[in-house]
Amino acid sequence: MYTDKVMEHFMHPRNVGTIPDADGVGEVGNPVCGDMMTFYIKVKDGRLEDVKYQTFGCGAAIAVSSLVSEIAKGKTLEEAMKITREQVAEELGGLPPHKMHCSNLGADALHKAIENYLNKQTDRKPEAEGEEKQSRDKKNFHCPSCDFILPERALVCPRCQLKLVRCEHCNEYNLEGEETCRHCGAGLI
Amino acid sequence: MSGFYADRQAAAPVRPEVLEAMLPFFAENFGNPQSLHSAGQRAARALQAAREQVARLINCLPEEIIFVSSGSEANNLAIKGLALASQARGKQIIISAIEHVSVIRAARFLEKLGFKTVQVPVDGYGLVDPGKVAEAINADTVLVSVMMANNEVGTIEPVAEIARFCRSKGVIFHSDAVAAAGNIPVDVRALGLEAMSLAADQFGGPKGAAALYLKKGTKITPLVDGGVQENNRRAGTENVPAIVGLGRAAELARLEMDNKVRRLTLLRDRLIRGALTGVDEVVLTGHPEKRLPHHASFCVKFIEGEAMLLGLDLNGIQVASGSACTSRSLRTSHVLTAMGLDPAVAQGSLVLTLLDGTGEEQVDYFLEKFPPVVRRLREMSPLYTRYLEERKDVHR
Amino acid sequence: MSGFYADRQAAAPVRPEVLEAMLPFFAENFGNPQSLHSAGQRAARALQAAREQVARLINCLPEEIIFVSSGSEANNLAIKGLALASQARGKQIIISAIEHVSVIRAARFLEKLGFKTVQVPVDGYGLVDPGKVAEAINADTVLVSVMMANNEVGTIEPVAEIARFCRSKGVIFHSDAVAAAGNIPVDVRALGLEAMSLAADQFGGPKGAAALYLKKGTKITPLVDGGVQENNRRAGTENVPAIVGLGRAAELARLEMDNKVRRLTLLRDRLIRGALTGVDEVVLTGHPEKRLPHHASFCVKFIEGEAMLLGLDLNGIQVASGSACTSRSLRTSHVLTAMGLDPAVAQGSLVLTLLDGTGEEQVDYFLEKFPPVVRRLREMSPLYTRYLEERKDVHR
Amino acid sequence: MYTDKVMEHFMHPRNVGTIPDADGVGEVGNPVCGDMMTFYIKVKDGRLEDVKYQTFGCGAAIAVSSLVSEIAKGKTLEEAMKITREQVAEELGGLPPHKMHCSNLGADALHKAIENYLNKQTDRKPEAEGEEKQSRDKKNFHCPSCDFILPERALVCPRCQLKLVRCEHCNEYNLEGEETCRHCGAGLI
């Protein structure tokens, strides 16, 4: 299922650990869904002097975090912010479709750690918190396959990569190929 | 020590005796049992012999066996076929919350046709309470389906009692015995079942052969319509070699049952004891005693099942997991969820199912490799770090 | 001369190359393709390779192949699954009058759910008129199913034309190619098919493995619900050895197609010519040219097919018949009836289907034994006596 | 499928043929259904001096006619009238269920030939004709499996031996095990 590169990182993950006096910490995911990642960074002269992480998740998640830490280390903050999940997946020689969301996690956690560092610098309230609060008031739509909370107007689940179809009747998401809405029973065309 | 394959629930090698019985039916006795000429009639006799062997394993009549291609097909035929054939009498069906997906999704299909499904909950061991099934039965109920043994946590359900309740209310009772048949003694007469699913690959037989036991006189709507095969209840050219293999495997299972159960139970308990004492914060899932003799299942806290599975595989040990990350749909096993396990804990699911030939040395090999694999993953787990800190706080 | 097996339509030996490819997957590479560990992933790779081999045979994408257990299951999945998935658009389905029973009975099942089936007639050769299909299509039509080649009379249908009509009207077209695929070139892209059934045992593969080709993006409701196998469209542990066999057989069929078709066509025509000239009052059934290269079928007047079949079997020759007495349901083949054959004549149905390895000497052996078998039965037939008397009257 | 005894009779049928100056002739079945049997008898001193037959039908039908001719020959008319299909099937070592009707044919054709002889003796119009005429006026019910014209209130098809269930709604016959009437669509309970 996994490429040799994934397995190699899984067997020998680089930079595992925590940084007690980290300049920035970013955490994404949630153990309820089976995945959670925490990235720790040390910044010096605008560069990532050190990157460490801890991962609770599958083999892909572990390999992703290892790879992200490896490519991020030594980069400028700006460069590091440009690391994409496509890049991560590609450098790992590819990931199975339903594991693509794990490559999100790695970049996301790193970016969150950098944002956390930047926020501390400017001493302003982290944006993310406000956002999260707001989203808690709205109705969340979940992926019918993996329960991931979907962004607005999703065509594909960012987590499990399955194609989505919205029910015209109740607005809920269904998987492409389903005939009747699993939420309200209306026909999906 | 060439490794330890402990995922027999997913797949197992076909037994040599079984393969030997199958081989002549590929190229030599290749006839179609429906053909009237001699080549066909040889195949028809082999089919009949296999039907008798399976019937003997579960104590039914040969004509009460319908051969199908998989446990899932047997379950679909049972759930859809029995419900559709009885819909004039009512439209409610009752299943347990921990049925195999093939039962759950077959019931969901029926819901689109106007049926209603009631799911009976289970306790923390995964046990169905027969009283709750009885309570759920109403005048509209036509079918109850509760599995004989659960494949993910090994728990053996009180089907005889449930069957008794159903009988007293005139409701058909089906049991998915795919994980049980061939591994523990199953007597459909003594249990009072109208229908039961079993699959060859769960007891040394080949993939592609399974059966639905259907009590004589019980009406069923076919799933695969067409020719007159299987007495008009399952069309399609019979998979003769696989069915011959199923028959032979059934015969062997019947003859070796007592010894096998005794031996595997001891081995299983050694494995469970060793795993629970070898690593801290591991919980047994399923019932400690009412469980399949070859089945040991756990949740290892703070780490995720797929990573554990890969780590063990690198040591030549093959196991399964019900974690969200191991499933293609990225959902945690509905069985663990129904048993009320904490969702984060459920991610550490680990399932070992032993082959008939498993030896003590293999179990001990696992017990040796298991702690370091867990340790390595815990060392990189944010949850474990947090746990250790909290424990420190407490002890401080 | 050890005899002549000419009932390949019913069953054929698995080719040695195919069996060889299958063997490692019973006891060595026995894994479950859904398992994440190495044993499972080996099986998953074999499954993928087989999917590619089958896709290459019929010119589709690997992910357009759904593996199932028999031709009948493929047809049931197609007819029921495509109709149920499209029922919001309409409830009429169109099939030909000579479809395999698995198509006809699947359509009958749908009638119970409120669908309407229209049967398009055939001519005396068993040919469907594409114009009649086009006429039958209305706004309520969601599915048309016409077989690629008929198994009882060998006639090859004009599916490309029918597919074109369906496409122009936005109706899904399925073709049952169980008798055709692997035996004549089939290119689903060139033919413009949305769905097509095929079965391994029709071209040197094992029983228990078949496939439905389903064009990417076409919605289908599963027949067997449950796990995520076959991309959520056919649940149940995959029958890996049989599927590996199907793949290998598909590869061999593709490589050998041209030679085989050429050789068997010559042999078939020799057989047809010999049978029609060797015995009086024998008629060819099906089309003389648009027919499967391995297929020869007749009606022998004044005698009954089963008796002929037994008589030939005593001479080491295995054939089939569509007579009422040969069928378990005691009905004359609906194919012969639909073609307008006189019912009494249809009782003398005889179907020979040649193996790839059939030689001239076997055909000639049949041509030697056929006349005396017929003669003996005619001598005891009241119909033949009557015929002779009437002929005498005429000549007098 | 067939016993050795059936196959032996099929291979070497006794007494095949016609008797041009027969004392009685009986014909049953109909080529449309795939089976037809004609029995010829010569009677002397109240005994079947000779029995011959012609058969259009399956292996079982041929074996049955052969066996019937063999056991009938030499018997008194009364004895011959007592030959039953059960006896025929039994002497053949059994027949597959869906072939049991072939054993009917043999005894029936013989009995018809004897009746034909008796009718000629008493010079009265054959009863059967009147019966047949009458039945043509009534609605005939056919076996849903083999199309055989069923007797009144049949529970089992005398031809193919399948169990029958009558639709309470339209009165037509269906096979046991079917849920809805194939004639009117009503539920069968």
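Chains here go by letter, A, B, C and D, matching the order in which they are written, and residues are numbered from 1 within each.
Here, a residue touches a chain if its C-beta (ideal position, glycine included) is under 8 Å from a C-beta of that chain, and two chains touch if they have at least 3 such contacts.
What you see is a predicted model, and the numbers here were worked out from it, not measured in a lab.
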| item | value |
| --- | --- |
| Any chain in contact with chain A as well as chain B | C |
| Pair with more cross-chain C-beta pairs in contact, given C-D and B-D | C-D |
| Between chain A and chain D, centroid-to-centroid distance (C-alpha), Å | 79 |
| Whole-Å separation of chain centres (CA-atom averages), chain B against chain C | 35 |
| Centre distance in Å when chain B and chain D are each reduced to the mean of their C-alpha atoms | 51 |
| Two or more partner chains touched - positions in chain D | none |
| Residues within chain C bordering two or more other chains | 36, 221, 306, 310, 326, 328-329 |
| Chain A-facing residues of chain C, complex | 36, 41, 44, 84-85, 87-89, 219-221, 232 |
| Chain D residues touching chain B - in the complex, by the definition given at the top | 1, 177, 179, 187, 189 |
| Residues of chain B that touch chain C when the two form their complex | 5, 7, 10-16, 19, 22, 26-28, 30-32, 34-40, 43, 69-73, 75-76, 100-103, 105-106, 108-109, 113, 199, 201, 206-209, 221-228, 235-242, 306, 309-310, 312-313, 318-320, 326-329 |
| Touching residues (chain side chain C, partner chain D) in the complex | 112, 302-304, 306-307, 310, 314, 323-326, 328-332, 343-344, 347, 379-383, 385 |
| Residues of chain A touching chain B in the complex | 2, 7, 10-11, 13, 16-18, 27, 31-38, 53-59, 61-62, 98, 101, 145-148, 159-160, 180 |
